[in-house]
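After the structure tokens below, expect a handful of questions from me.
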Amino acid sequence: SPHHSPSTSARSNPPTFSMALSVEKTASGREYKVKDLSQADFGRLELELAEVEMPGLMACRAEFGPSQPFKGARISGSLHMTIQTAVLIETLTALGAEVRWCSCNIFSTQDHAAAAIARDSAAVFAWKGETLEEYWWCTERCLDWGAGGGPDLIVDDGGDATLLIHEGVKAEEEFERSGKVPDPASTDNPEFKIVLTIIRDGLKTDARKYRKMKERLVGVSEETTTGVKRLYQMQESGTLLFPAINVNDSVTKSKFDNLYGCRHSLPDGLMRATDVMIAGKVAVVCGYGDVGKGCAAALKQAGARVIVTEIDPICALQALMEGIQILTLEDVVSDADIFVTTTGNKDIIMVDHMRKMKNNAIVCNIGHFDNEIDMNGLETYPGVKRITIKPQTDRWVFPETNTGIIVLAEGRLMNLGCATGHPSFVMSCSFTNQVIAQLELWKEKATGKYEKKVYVLPKHLDEKVAALHLGKLGARLTKLTKAQSEYISIPVEGPYKPAAYRY
Amino acid sequence: SPHHSPSTSARSNPPTFSMALSVEKTASGREYKVKDLSQADFGRLELELAEVEMPGLMACRAEFGPSQPFKGARISGSLHMTIQTAVLIETLTALGAEVRWCSCNIFSTQDHAAAAIARDSAAVFAWKGETLEEYWWCTERCLDWGAGGGPDLIVDDGGDATLLIHEGVKAEEEFERSGKVPDPASTDNPEFKIVLTIIRDGLKTDARKYRKMKERLVGVSEETTTGVKRLYQMQESGTLLFPAINVNDSVTKSKFDNLYGCRHSLPDGLMRATDVMIAGKVAVVCGYGDVGKGCAAALKQAGARVIVTEIDPICALQALMEGIQILTLEDVVSDADIFVTTTGNKDIIMVDHMRKMKNNAIVCNIGHFDNEIDMNGLETYPGVKRITIKPQTDRWVFPETNTGIIVLAEGRLMNLGCATGHPSFVMSCSFTNQVIAQLELWKEKATGKYEKKVYVLPKHLDEKVAALHLGKLGARLTKLTKAQSEYISIPVEGPYKPAAYRY
Amino acid sequence: SPHHSPSTSARSNPPTFSMALSVEKTASGREYKVKDLSQADFGRLELELAEVEMPGLMACRAEFGPSQPFKGARISGSLHMTIQTAVLIETLTALGAEVRWCSCNIFSTQDHAAAAIARDSAAVFAWKGETLEEYWWCTERCLDWGAGGGPDLIVDDGGDATLLIHEGVKAEEEFERSGKVPDPASTDNPEFKIVLTIIRDGLKTDARKYRKMKERLVGVSEETTTGVKRLYQMQESGTLLFPAINVNDSVTKSKFDNLYGCRHSLPDGLMRATDVMIAGKVAVVCGYGDVGKGCAAALKQAGARVIVTEIDPICALQALMEGIQILTLEDVVSDADIFVTTTGNKDIIMVDHMRKMKNNAIVCNIGHFDNEIDMNGLETYPGVKRITIKPQTDRWVFPETNTGIIVLAEGRLMNLGCATGHPSFVMSCSFTNQVIAQLELWKEKATGKYEKKVYVLPKHLDEKVAALHLGKLGARLTKLTKAQSEYISIPVEGPYKPAAYRY
Amino acid sequence: SPHHSPSTSARSNPPTFSMALSVEKTASGREYKVKDLSQADFGRLELELAEVEMPGLMACRAEFGPSQPFKGARISGSLHMTIQTAVLIETLTALGAEVRWCSCNIFSTQDHAAAAIARDSAAVFAWKGETLEEYWWCTERCLDWGAGGGPDLIVDDGGDATLLIHEGVKAEEEFERSGKVPDPASTDNPEFKIVLTIIRDGLKTDARKYRKMKERLVGVSEETTTGVKRLYQMQESGTLLFPAINVNDSVTKSKFDNLYGCRHSLPDGLMRATDVMIAGKVAVVCGYGDVGKGCAAALKQAGARVIVTEIDPICALQALMEGIQILTLEDVVSDADIFVTTTGNKDIIMVDHMRKMKNNAIVCNIGHFDNEIDMNGLETYPGVKRITIKPQTDRWVFPETNTGIIVLAEGRLMNLGCATGHPSFVMSCSFTNQVIAQLELWKEKATGKYEKKVYVLPKHLDEKVAALHLGKLGARLTKLTKAQSEYISIPVEGPYKPAAYRY
């Protein structure tokens, strides 16, 4: 599974393992597995605060709640189990859905959010600090709705839920064809070993498990760049098994969540993890896409001198226009104080870079997968010493120099690992797109409107998401007059821009 | 011609006129009409400075000059006759073209630039402060290559050259059909009166003049949003007469020229026209597209408190995320000190707004056409008094209050009317796209690759334009490794982004 | 004691109390009282990180450590017991001092820092979340060096240690004069009740206790604006009992710690306490001194629309020049989302303001004392309901509207209550001034150089503090040539500016 | 006169000269010498615009005009003869003064402003592009009120008027003592040769001319850092001949004019002189005082990458906290695109630096005197070629490399030489201080309040200046309550800060 390799890391995992986890049940019989259900009250309080900051989701409840459009729909979500996600989940349930949920990152769960949802609203399998085995166990639990099979709809973030089904179906077909069961030993990739183990074990109990899921599935809505990239690859290779809506490329997602969300959460993560003064420091941001732009802006505004590395000359020129220097990592590796990867690519900061860094240079990743930083190279570096300052903040000391670097969240999403991710308001934009995408898939489930392809939401829905968030900020929009509307050939009610408009 | 109405304004023109302008000739026999040929030396000096700032154009000369790809091509350009455009013209001639040029705005010519080009390189018909009759006379001169007919290629900005040919063809066909000649009296639009007069007079000497032009024409490359909008409207209505390349929507044009160009030139125009302190002022920017974003950024950075008006909720939400208030013009008309229109729409600031403004509020437009500000309403306001402080800076005093407002460049493009437009470096990005578009049209003239439609340049050429501008700024790009390239399924040499990527 | 009233708050305290706290001892016999000594290892790890970020303090250790200038000196400190302060303490001990310490704010202690210091270096009496009785007990413990009396030197922050001695001496003199003991019932001020109780109890055991302290005391160095104000008031009224060095007004303190420290720690506190998205919000900063400037800059850069309230027209004009609106609190109380007090004055945000705020408006204080926000008015508001979201984050719901506001750190210093205060680097500037001030007082203890007055450090020491922090940031200073030095009449080695220079 | 050497430059002047300039007279008999009196109407229009932007001066007219406090006072001013200064002059005359004026820089006069004042209000001797002989002739004319002697008051900027009197008195005393007349040949400094010539010629007609001036003089108010430095040097050496008020160090001058004025006028000058795109460029600012801070902020906001050179570690650390790199000029001389000197020192950019710069690097000075850039070294560099692009914009080409640099305003104040200096609003702050200082000197002329020393205005007047500028910007100040006032021991009406407060 080449497209899976990115998220692979067996670092903290033993070579063999067993799935000895047990599902718990609420008084009402709903399944869950969370860290501490007693945190539910605290989660509920923060959930209530978040609701005030998430006008898009609350507007969905007001508009669609009465008609219960998700009545009868089973939704499985694999997406950071945070307070904001909790408001999304309860929006889905308020619209009639039944929901099962897991996190899409081993460090991103907020345990009080998980507790509140598990107690009050949906089946949750998620806690902060899962092992990779636990992570995939949670994913599998999330997708498994019991004897009746799988979900009707998936909310995915990074594509792991989608991947498990695709890999499961592939294995089942192979098994049917050749009797061959998946062999975890067939791969060097330790995370993929786990996936194969789960599928193999699944095969033993039901050789059509994932195919049944696929057959039931109406579609998936995918949250993030990385997951979207996987979907387009599958679309191109003709292996995509169900329709997909690319939520990431809604303007109100990628140009808000990725940009302004990271502008908020990068310094938040840095501060919570290290308390380091950003002003005066030299900070290297690898990549100047939306995420990189947000990170660079935040660091610059906090008083750092920012240097960007880029492969794309257009993005590089954008950085230059903002006064940001474009260099290669090699040029600056010994001079910088803070390194942030945002590329969506792999092998960005290698152990050989890390060896050359200043003492206590901070190295972190805010891209979806954890392979931007060569954690494997670091962990296996001869004589390297790991000193855990606190969870998700480790100092790694090299034997030659006796100097160290500080790695956040073990190379995973530092804003979710070290802080609380993106704030509610911007997630409300993203998640309102999710709700709209799920509604659209569900409404059209029988019409054939959506084929096994990747779709983006139409412009007018994108604009609607934005409009739902203006009132909270006291904005007053101007209305086109009829004459103006005719003059520029744009309807008074929009959409206001051509599809290719870049914002 | 409804799509033409935007640029119409007969304000400073008498109802009747005659084309008594005479073409002059250089020693070598090349035609021209400029203000003062003796400014050619000064123009040449500034041209030489600009060349150092326009690495994209100079790279085109180096790469393509030797093979003379434009050998035999006639290029007519209607685009602000500035120093930067002069470097574009001499790039086209360096690649083998013969060139005729006019400006696309009555105030935008830099007379020393026109003089240098007229003397040294191409036929120029342009001066700062044309009347509208003069303007259209220049346009017609620019398109008329003598007996042999018209140009092979057009570089257009706003679409007036394209419009003249389309209207001419329409009139000739009508004349052939019905014997009817265009009647300037048939329209209330004073500028369109002039267009019809020119076409009528042309008909008298050659009833196939514009059709011959059309037949020869290989295509047009269009520079700006407004012209592009016209082209798409013609494409939709099936009336487009030749292929068009939309240069405006190259990323390296619209996300650079429109954004960073205006960020530079808006304060420049304000300062040269009024010397007003921007810090501390309340500035209203109407529209938050690329141009509006550049203007708002410039004003904010200069210490103004910026308020934006928008119809589009997405752009409005972007402004809010930058701490910019979104209100309607009515909300703030009495409180603000500076008003800038950037919408591409009409009727943005009406005389009724202007009456309510603070004494000496500054009102200006940086959109392509001059109908964003209700100049007609202002000029015909009973008892209004116009006091010209200096050219392109007028104070208009209302009789009721005896307070005045300051209008820049008579409501036309203030950055070109009051300052020198966009700086060379960013124009090098735009104009390198123009050169590439012209090369492409010319290369494919016989292949049928381009139909009578509107095209954008492919991503890899857009990236090439950016790449040509990095060295000047000392940037060092990172190279993808082969493994990374495979992992993200992007060629090592690009293009690096999907077509819909928003930057 | 009118100058004490600011810090008064009996809110969470019963009217009567007893000092039933017990001192603990390390194996080596050093006294302490901290929350959890087992956190010492964690504290040590963070201390080691902080050392790398505090080049000024480390330079002091390198320069002065060998000569042990504090040999024989007893230093008592009343200053937020954080990781950064721990590095200060260990710098003092590295220079030969014996140290006792307490925090100057009930919420500002970092328990792991306190633990590390208590275990390894000095006598500490501090924990996060002290009651006011505990707070003053700690202060008294910090000042009491046993039979031998008090400290030789005090490091004070806000002036509570200084106040206790002054009040103690006053009471002893009154007692000697009239036999009258301090009567806690004589004051309405609940915190001052506690102070009087402590002094009264002290009188019972030693009627010269505070006078002996005063006699021994060489001087105090004071950290912050508020404490400095108290000292100048005492200087003016002739009641100051020992020399004082005003560290706050070193440029490298007030223009760095107050400004850049708050620019860092205000958003940090907001994010940790509420996770609220700052972008798009309306934020009101009360006061535009150094602290207010830092707060406003941080909020603006994070994308908020900032409004400042000011009494001082000069500071107001500075804000306007940065595009920040100046209004009164009344003008904006119903529209804003975030309120921050930075004034050093009292009664800034009253309960009557809070009642009119938007639901979930955030109200916090970053000024030294907790009387900027009318917590008393809030707590005693009829029917008000307090919901503790988490420690230091409370939602207060008004009965009329059933809407609530969110108050951080109970109105106390939110950056220390909700986050970890200022980062190490900027504290290194402040604390290097402290070390230098303490060295200066101690060196001159017998020379009479310092009278019972308030002094600032000379410019060249201020510049030295800055210079010690440049290397860490990779800066390379320019050197004056001899000719330049003569031309501007400034020594090559500085000081480079006249005393009144404002930076 | 060692302290004079800074402003010396004989570059464009012949070694010998004669004062063959003739004074002209208005119909009313007032003397003047300006470039073109017919520009008076244009000047008047811009003056009227400026009045709206200068609320402080207009408030002075309203408050003090009726009582004519300057009745009988002769004021001589040596200060850039711009539109803003014209409003100052007419404020002085509106308060009853008679005024004579010259510019304090050979390039800084705006000829239309000079014309309007010469025609309507005061005796003016100033034009843009004076030779140094003309410059000193103008200064002498400005000080010479005819038979009755000199002025009662001086408004000085840089101290040249003050210097002429001091040098004159010195020469007269020497002549009285020894019969020795000043010998222009005694100095190598070409500008000082001119000064000595003027004084020598004066001696011939009246051997007590400058002493009579001195005796009449009530005092001087000095505008700028450089002039103030001279005054303090004279105060220290006991040679100051009359009282002086240091206007520069009013907060509302140095922290506004120097900072926000330059933030406005530096990019303005760069754009008008070169049209260069600032975004993406590397800009070096020499010096990070108030002027340097303003310049660096402007360049950074325009998208340049800014590097600062500093001698002062405190200012350097301030730059670092804003993300600005601190290097030496040598470190960056070959990499930067724009160089700005702001130091008030000499020999900052030497010809040896200039030789190493990139082709078309821009070199300019915004400090008061023209000796920051080694113009002499440049002009005398063997084989160097000067190409004047336009007035005040020269390209200097070095023979070895055939590459050139662009020098603005011949190394003099580029914002006044290439643009129009600081905008009206911020000059209103500065000049309101001037009016208040002049009023104060005049009011106390007979009281002995002011000795032959340098004074700053008291804080409450500084605050008043600020207050006069708030209304124009729509600000609403908060009022202290009586309780608050007592609590912080600050009067309700201010002053609000201690004298040493740094803002």
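Points worth noting:
Note that the chains take the letters A, B, C and D in the order they are written out, and that residue 1 is the start of every chain.
In this section, contacts are C-beta pairs under 8 Å (C-beta built on N, C-alpha and C of every residue); 3 or more make two chains touch, one makes a residue touch a chain.
As the structure is a computational prediction, the values presented were derived from the model and not from experiment.
Same-residue interface: subunit A and subunit B share over half of the residue numbers found at their contact. Seen from the C-alpha centroid of subunit C, the farthest chain centroid is that of B. Judged by contacting C-beta pairs, the busier of the interfaces C-D and B-C is C-D.
With centres taken as mean Cα positions, subunit C sits 59 Å from subunit B. Inter-chain spacing, taken between the CA centroids of subunit C and subunit D, is 43 Å.
Within subunit B, contacts with two or more other chains are made by residues 260, 279-280, 303, 317, 320-321, 325, 473-474.
Within the complex formed with subunit B, the residues of subunit A that make contact are 5-6, 229, 232-233, 249, 251-252, 254-256, 259-260, 290, 309-318, 320-321, 325-329, 331, 344-347, 429, 462-464, 466-467, 469-470, 473-481, 483-484, 487-489, 494, 496-497, 499-500, 502-503.
Residues of subunit D touching subunit A in their complex: 279-280, 300, 303-306, 317, 320-325. Residue ranges on subunit D touching subunit B, taken from their complex, read 42, 45-46, 49, 52-53, 83, 260, 263-264, 267-268, 271-272, 274-282, 301-303, 335, 359-360, 387, 389-390, 395, 406, 419-420, 422-426, 473-474.
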